[in-house]
Structure formats: C-alpha cells, structure tokens
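Here come two complexes built around chain A, the first alongside chain B, the second alongside chain C.
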Partner chain A sequence: MIFGMWDAVYFKLGPIPVDHIIVTQWVLIVLIGLIAFCSTRKMKVIPTGLQNAFEMIIVWTYDLFGQIMSKEHVAKRWTPLLSTFFLFILVSNYSGMIPGSSHIEGFQAPTSNWNVTMTLALITVFAVQIAGLSEHGIGGYLKHFVSPMPAMLPINILEEFTHPLSLTVRLFGNVLGEEMVIAFLMFMVPFLIPCTIMALGVLVGAIQAMVFALLSASYIASATSAGH
Partner chain B sequence: METAGLMAIGAGIAVLSGFGGGIGMGITGAKAIEAIARQPEVGGDARTLMFITFAFIETLTIYGLLIAFMLMGKMG
Partner chain C sequence: MTRNKNLLGLLLSLVMVMGFASFCMASGGSDMPISSPPSSTPAFPNLYVIGWSAVNFFVLLAVLYKFAFNPINEMLEQRTTTIESSIKHAEELKIEVEQMRKEAQANLIESRKEAQIIVGNATKSAEDAKNDIISKAKEEVDTMKVRAKAEIEAATAQAKVELRDTAAILAMTAAEKVLGRAITEADHQKMVKEFVNEAGDLLC
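Moving on to the complex of A and B:
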C-alpha cells in the first residue's frame, strides 16, 4: 500500500486476478448501463428528463467529433465508441470523489491505475488501425506509412507506439497526481483546504475525459483523412 | 549523501518539467483568447484546438511527474 492505494486481490478469474479496481469498473459499467436503459425505455419525440440529458450529451459529442473528422460516415461509425470513452472516463474520474470514499476500499478512481488507461489506449490504437484499413483499403493503409516520403517510415511507425503511450500516461498521471495532492493535503490539513483541490478535480476529471475522446477522434481523423 | 536524499532531489528536479509546460500553456491560452476575441465565430474550433494543444503540452509535464512518482515509490 502506497499513499492510500490498496492492492488487494479478491479472487481469480482464470489467470486474471480480480482486484478492487476491476470490481469498481463493473459497478460503473452497470451504473451507466442502468441509467442509459432507464432513459431510453420509453422514448418520446419531445424528450423530457433523463432522455433529454442523454440526448444532449450524445448530440454534443457527435457535433464535437464530427467537426474534427469532417467525414460524415467516419464520424457516424466512430462516435459511439468515442462517446462511450467519454462517459466511462468521466464516471471513473468522479468515482474517487464520493464523500468518504478515501476511507473505503474500492472507491479509488479506476483511471488512476495505469493498467486501466493502457487498456483504453490500446482500444483506441486498434480502432485507429481498423479505421485506416476500412477507409483506404490495404494499399492505402500501407502507403500512409511511407508518406510523405519513404524516409519518414521509422517516424511513422514510432508514432503508432507513442500515441497509446501518451494517452495512457496523460490520463493516469492527471488523475493519480490529483489524488496524490489530495491525499497529501489531507495528511497536512484535514479540513477545508483539500476541498479546493477537489473542486479543481471536478474540472480536471471532465476535461481529461474530453481530451482522451478528442485525441482519439483526432487520431482516427488523421488515419482516415485523404491527404495523409 | 545517502541514496534516498539524492532520489528526493531527483524527484524535485523532475517535477520542474511543469515550469516549461506552464509557460507553453500560458502562451497557448493567451493566443486562443486573442483569436476568439478577434473572430468570435471561430470560437468552437479555437477552443477545441486549444484543448488538444493543452493535452500535448501537458503530457510532457506529466512525464516529469511520473518520474517523480517512480522515484518516490523507490524511496519507499
């Protein structure tokens, strides 16, 4: 245990050790699923309440990603994935902020563990490759490695590895850094002062969720764009 | 000097990467505000690009933070 990070393994699912972070993610997935199910059960033409809120999120993310991708069919195909990234990361970032959560095992934000963010980044990488393949075909996909000239080949290949690395480190570093600062302030001044950092954490959580989705969108956009 | 002390100094130096990142972010934010003030109709585009640029700058800062965390973890 380092700085309030637990590493308890509850049970093993085959070769995979299931710890509190995985259980937290299951709970979050069920939570998002339940809210989505409840809001779309009786859909109306003029939305009210939950359906309204969900439609607002979906339309907003669709506009945002569509603006980056600039190709209608690409945006239509990949927005569901990116919106899911946004929602899941947002809820994950906020799960560490439930009052009293720092005293209960399992309420640590899952995104403050690099395994989780690495998984999300790997999904993005595969999505980028699939998007490039389905847009340009095999020839066009291989050709983009040697564009604009063959000398750029190593850099283009290196890029495919640095994208997931930077996505991973950014999300996990931000969330972990903020949690560490809160933990350290709680240790020094247990009252009121950590609240200011937590208020900042609400902002950072939303911005990081958006940044992850935006960067994934821009990677997909550059893989599917004509000039690359 | 003992190793733990040197590690602590190293962690402190690693976090100095926030210095350059802060300057970069300041310039980015200032230019984005300037652009939006001059041409309010490109507000959405400018804001999106600003956030993407922030993310790229921030990554470099976070690399420093990561090194500091790793050093602190080694210190125990």
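Moving on to the complex of A and C:
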C-alpha cells in the first residue's frame, strides 16, 4: 500500500463495521466541536482571540454563501449546512497532510474516499430537493422538470444525477490525486518537491472545500429562485 | 506586509517539517511502529461508510448548531441590537443637541432683544432725566428772574419814595430861603403837596 488509499474495516461496533475513515471523521468532528466550544464558550460583544478567528470564518462563510442566494430567508435556512460542508471538507482535506495520514491505522483523510464524498453530494442533492419543494410547493417544483418545454424533461432529470456525480468525483479526485502525487514523490524525490506539492495542497484543500460548498449553494439558490 | 511574510514563512516551515515527517514515516519500513493496514480498492458504494458518514455529518451539523451557529447568530443579533441602539441613541443625542443649539440661539436672540430694550430704556431714562434737569433749571431761572424783577421793582419803588422825600426836604429848604421866613405847617403841607404832585409827574 504505497498510495495511502485503502478500504478496510478497522473494528466492528456490534454487527456494524467501522472503517478507518469513519474513525478519522470522529476525531475531526471532536476537533471541530472542541474548537467551536472553546471559541464560543465565553462570547464577548467585542471578539478577541479564538472567538475572533472562529467567528470570522463562520461569518465569512455566511457572507459568501448568502451572496449566492438571492432570497434572505433561504440563505438564513441553508447557510449553516453549507458552512458545515465547508468546515468538514476543509479539515478533512488538511487531515491528509498530517504526518502519519494513510500510515497510521484509523487515520486517513475522509475526502480521499469516494463513499464519503458521495455521501456529502447526496446530502446536497436532498437539500436541493427539500429547498425547492419548500419554496415552490410540489406542483411548482415538479413544473421545472418540464421547463422551458416538455422535451427537456429527460435532460432536467439527468441534471439531477449529474450534480451529485460531479460533486463526488471532483472532490474525491482532487484530494486523492494530491495525496497520491505526494506519496509518489516521497519515494521518487524525497523531501523538497513533495513539500512544494504539499504547500500547493494547502491551497487546493481550501479551494476544493470552497468549490464544493459554493456549488451546493448555487444548486440550492437555483432550486429556490423565482424562475426555477 | 511584514506580518504576512512571517506568516508565509511559518506556513512553509510547517509544511516542510510535515513533509519530512511524512517521508520518514513512509520510508520507515517494517521497523516503524506504524504501518499501513491491509487494504483493498475502495468498494463503491460501501453502504456502511455512506451511512456512517451521513450520521457523522449530521452529528457535526448538530454540534456546530449548538456550539457555533446559534451562539454566533445570537451574538450577531446582540451586536446588531447594540449598534442599532447606539445609532439610535446618537441620533437622539444629535436631535437633543440640535434642539439645545436652537434654544441657545433663541435665548441669544432674546437676550439681544432684551439688551436692546434695556439700552433703549436707559437711553430714554437718561433723556428724561436730562429733560427734567433742563426744565427744572429753566423753572429755577424763571423763578430767579421773577424774584429779581420783584426785587428790582421793590428797590425802584423804595428809591422813588426816598427820592420824593429828599426832593421834599430840598424843596422845603429852598422855599424857606426864598421866602425868608419859616414856613408854617399849613404852608408846608400845601407846598409839599404841590411840589410832590409836580415832581412826581416829572419823575414818573
């Protein structure tokens, strides 16, 4: 196993198997939860230190995703989900850069597994359907499948499948690709060039997290828009 | 700018250390305490992984709602309320200050008017006092004139009487010398009477 990619059961919780990736997810959830807890434990009107940094990230995601959605109540309802996407994917991507990732049991970047990215994409798809239904009602929402003309029905239905597929493959491919390149270069040209790729990975990790969350935001915005 | 450079340097150093550590772990072989677990190509779809991932994601969403979104939203609302109340208070103060300024200006205008009235009154009083003094002086002058005229008339009358008496005595003396005898009381009375009448007509 040289490319840090495996799919194996780490242990079983009763009859349910738990993979290495799931254990990493738990650790990351605890980490994010701890940071959130410490940041918001003693909130001040004028923020300082960790509260300032964490609040800045959350408010930045609010602004970023809120701008995409034209309706304020839609933005208010769906921004927390999109912010969670962003934080979870960002931390997951960066977890692959920590020494020992893909080498220590129970430690692998969750987003380097397509089952995880597919899960996130499916959540987006469900969120898009719920957003569209709650905004337009069943009749109004189903109407968009035959717009602008009934002949577009197959293409519109196909679009509902291409969204999660593109989200899944893009994120999984980028993260796994970056990890594989680093792992491969480690053996071929130790230290210097892999470090450069890792520095690039810092950027790519943030960009991929943002792209996933922004695309999800645009799908929700599109489903809830007036002309949908 | 310097701070950004330091941050970039720190980030690069961190990446290099992490890369070196990864390299050491990866090339450690079987002597290392850590090793890659037995692996296989990821199955797709692995329903257990999908299920766990979905549960984990929603747990994270719940955790973030509890410890991030709700407190931050409340804080943002509190800040909005604080800022709004501050702005409202500032606007109220501005209105109050504007009102006070207007009042002060009105007071100033009124004070100026009052000052003008006071100065006017003072001028009028001074004018009255001047007129009063002048009229009193005129009255005094008139009184003095009347008194002087009366005194002059009295003196004139007295002088006339004295002159008449003197003239009578002179006439008597002159008559005695002309007659060469003493004039009796009856002569005397008659002559004085005639003389006085004549002299008096001349004198007056």
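Brief remarks on what is shown
To be clear about the criterion, the second predicted complex is superposed on the first by the 213 of 228 C-alpha atoms of A that agree within 3 Å, B and C clash if a C-alpha of one lies under 4 Å from a C-alpha of the other, contacts with A are read in each partner's own complex, and residues count from 1 in each chain.
FYI, a contact is a pair of C-beta atoms (placed from the backbone, for glycine too) under 8 Å apart; a residue touches a chain by one contact, two chains touch by 3 or more.
The model shown is predicted, which means the values in this text are computed figures rather than measured ones.
After superposition on chain A, the partners chain B and chain C are seen to fit next to each other with no clash. Touch criterion met: A:Phe88 reaches chain C, while chain B stays clear of it. After superposition on the shared chain, chain A has more residues touched by C, the comparison being chain B against chain C.
Residue contacts after overlaying the shared chain place A:Ala131 against neither chain B nor chain C. By the touch criterion stated above, A:Pro80 is placed in contact with chain C alone, chain B being left untouched.
In the superposed model, A:Trp26 makes contact with chain C only, not with chain B.
In the superposition on chain A, A:Leu64 makes contact with chain B only, not with chain C.
When both complexes are overlaid on chain A, the residue A:Val211 reaches chain B alone and has no touch with chain C.
By the touch criterion defined above, A:Ala121 reaches neither chain B nor chain C.
Using the contact criterion defined above for the overlaid structures, shared-chain residue A:Phe37 touches chain C, although it does not reach chain B. Of the two partner chains, chain B is the only one that A:Gly173 touches; chain C does not reach it.
The superposition-derived angle at chain A (between chain B and chain C) is 110°, Cα centres, a multiple of 10. After superposing the two complexes on chain A, the shortest C-alpha to C-alpha distance between chain B and chain C comes to 8 Å. Once the two complexes are overlaid on chain A, none of the chain A residues touched by chain B in the first is touched by chain C in the second. Against chain A, in their complex, chain C makes its touches with residues 11-12, 15-16, 18-27, 34-46, 48-50, 52-54, 56-57, 59-61, 63-65, 67-69, 71-72, 74-76, 78-79, 82.
Chain contact summary for the complex, chain A toward chain B: residues 2, 64, 67-68, 166, 169-170, 173-174, 176-177, 180, 207, 210-211, 214-215, 218.
By the touch criterion stated above, chain B contacts chain A in their complex at residues 44-45, 48, 51-52, 54-56, 58-59, 62-63, 65-66, 69, 73.
Those residues of chain A that touch chain C in the shared complex are 1, 4-8, 10, 16-22, 25-26, 29, 32-33, 36-37, 39-40, 43, 45, 47, 54-55, 58-59, 80-81, 83-84, 87-88, 97-105, 110, 113-116, 118-120, 122-123, 182-183, 186-187, 190-191, 194-195, 198-199, 202.
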